[in-house]
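What follows is a group of structures, each given as structure tokens.
The same chain A turns up in both complexes below, where it pairs with chain B and then with chain C.
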Partner chain A sequence: MSSATWRGVFTYNKYAQITARAVRQSLNETERVAAEKRGTTALKYQKWENGVGGQQVLLIPEVDKTAA
Partner chain B sequence: MLATRSVARLAAQQSHQLGAAPKHARNMATLREIELRLKSVKNIEKITKSMKMIASTKLAKAQRAMVAGKEYGVANSELFQHTPSETPTKNKLFVVISSDKGLCGGIHSSVSKATRRAIADPETVDPDSSIMVIGDKSKGQLSRLLSNNLALTFNQIGRDIPTFADAAGVADLIIQSGVEYDTIAIVYNKFVSAISYESAIVEYEMEDDVTKDLAEFSLANAIYAALVEGHACEQSARYVPSSSEFTCLMFRNAMDNASKNAKDMIDRLTMQYNRGRQAAITNELVDIITDYWYPSVVDPLIVRQ
Partner chain C sequence: MSALRLLSSAARRAPPALALQRRGYAEVADKIKLSLVLPHQAIFTSADVVQVNITAASGDMGILANHVPSIEPLRPGVLEVIDSANSSKKWFVSGGFANVHPGNSLTINVVEAAPLEAFSPEAVRANLSEALKVVAGNGSEADKIEARIEADVYEALQHALGSK
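Moving on to the complex of A and B:
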């Protein structure tokens, strides 16, 4: 199992976020709630071309809460 | 004779009241207006006071987070101190750190001005350099003058304490955007003290052949440190404990001023209202008294009216 194939797909930051999420989900209840707060992001971004902004896109699209 | 006198008095009362009704109505209207204004200003004072309270608790929390987040920034910059760049480069990517919310004094304009100043200097910076902005307020300010330089903008950061997830997301988007740059200049507000801040620009040069992971991670680190420090500056800008020496500082406390102004207005309006009320009462008394004895003294004059 090669340990470096993920580098072609996503950045180190994404790798760190995935592992962090795994660690958070494995914590006990109270610690997990506190850690989840530190790991949330509602980031939205917008690409600009020639002085005009594009569509605003959510970085992490909202998961439908009923489906899970 | 008695009959004419009573008729005259009746006519006098009516004419006097007809003549006086507009004056009375005017007094009443002014009093009513003042009363309404007083009520609304009192409500405003309540709102600004509570905002000040909320902002002060948020400030303490943000300061704690900033102290923790600064460790990341310090560790990051230590690495770069050992590897100084050879030649200063002109093609810079500016990452401007601010937020979406207002009511914090000059926080957003401070970073916007610093960015404009840096780009205007042709010695060190290519005027076509790309700018990426975090925060709607600075985005609005910069898009007015430098909209052609904007490449990416981000928002929804700064409602709460910024997380490393926010910074990692921003860093990834910057890397994947494909914008060409030699160095990254992060423009943010440096926390000088609980009552003052100043804009600062930190530059990072990345070499992404062997140390790609490290370059990506340290970008996220640097952005995180700047986000947290900027957040703490913003919280302190919303609340400053009032003390006698802060009047000579260039940095103001928005909510404290608003509460003070509201209180001044309330005092002034209350005084005005009371004076108006007393004047109205005095006028009514005068009218009643003159209605009572004036006709009996100067009968023929009243009849002619």
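Moving on to the complex of A and C:
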């Protein structure tokens, strides 16, 4: 909270997520694995028009797992 | 003798004082009900504790029984729960809110919390140096501010781990 300049750029939710991620990344190896799962978010949305659903889109595009 | 009797009967006739709720300072025996909750876990649920030390945005404070109702945003920092005269436990919390309710209860909502032993000082040091690099670099304003937020967390962690 000391660098309150984030208020002009981020919402409080985003700020809270940033600090939570920083805390998770500082845990011990064993704890970190369980904690990292808490940080992942997955959201799909779909736009509807005239009763017809559009394309289902992932909010955060999946990284291609097969890419080397 | 009769004067004494008169006095005591007069006292009995006087209306009893109403039980007003007076706010005083907490005695050592008074406890406050603490609920410390994370989105994924409830560390305390209405547990009686003596004192809770929090790092509020407006300054570090200790909350005892019968505290005035208030809402305090929390900085990333150490939260200490003193549950009886001699034992206390500490967690590092990432931030959230501490709400003192009327009726002597305290609810603390934080996003992430872990005991100090769960942290790795090497990871904190590495993360801090990376974050400071981004702050001093030439990325976008948002990236720099994000890195500055992270650096604040890591610095607070280092301080907490260094002076347990």
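Criterion: the second predicted complex is superposed on the first by the 51 of 68 C-alpha atoms of A that agree within 3 Å, B and C clash if a C-alpha of one lies under 4 Å from a C-alpha of the other, contacts with A are read in each partner's own complex, and residues count from 1 in each chain.
By our rule, a residue touches a chain if its C-beta (ideal position, glycine included) is under 8 Å from a C-beta of that chain, and two chains touch if they have at least 3 such contacts.
As the structure is a prediction and not an experimental result, all values here were calculated from the model.
Once the two complexes are overlaid on the shared chain, A:L59 sits against chain B while remaining clear of chain C.
After overlaying the two complexes on the shared chain, residue contacts for A:A42 are found with chain B alone; chain C is out of touch.
Legend: residue contacts after superposition of the two complexes on their common chain; A:T5 is shown touching chain C, with no touch to chain B. Touch criterion met: A:E31 reaches chain C, while chain B stays clear of it.
In the superposition on chain A, contact of A:G51 is made with chain B only, not with chain C.
Residue contacts after overlaying the shared chain place A:V23 against chain C, while chain B stays out of touching range. Comparing the two interfaces of chain A, the one with chain B and the one with chain C have residues 10, 16-17, 38 in common. Residues 39-40, 57, 73, 75-76, 92-96, 111-114, 118-120, 123-124, 127, 131, 141-142, 145-146, 148-150, 152-154, 157 of chain C are the ones that touch chain A when the two sit in their complex. Of all residues in chain A, only 7, 10-14, 16-17, 38-48, 50-53, 56, 59-60 touch chain B in the complex they form.
For chain B in complex with chain A, the touching residues are 143, 147-148, 150-157, 159, 163-166, 168-173, 175-177, 212-214, 216-217, 220. On the side of chain A, the complex with chain C involves touching residues 1-3, 5-6, 9-10, 15-29, 31-32, 35, 38.
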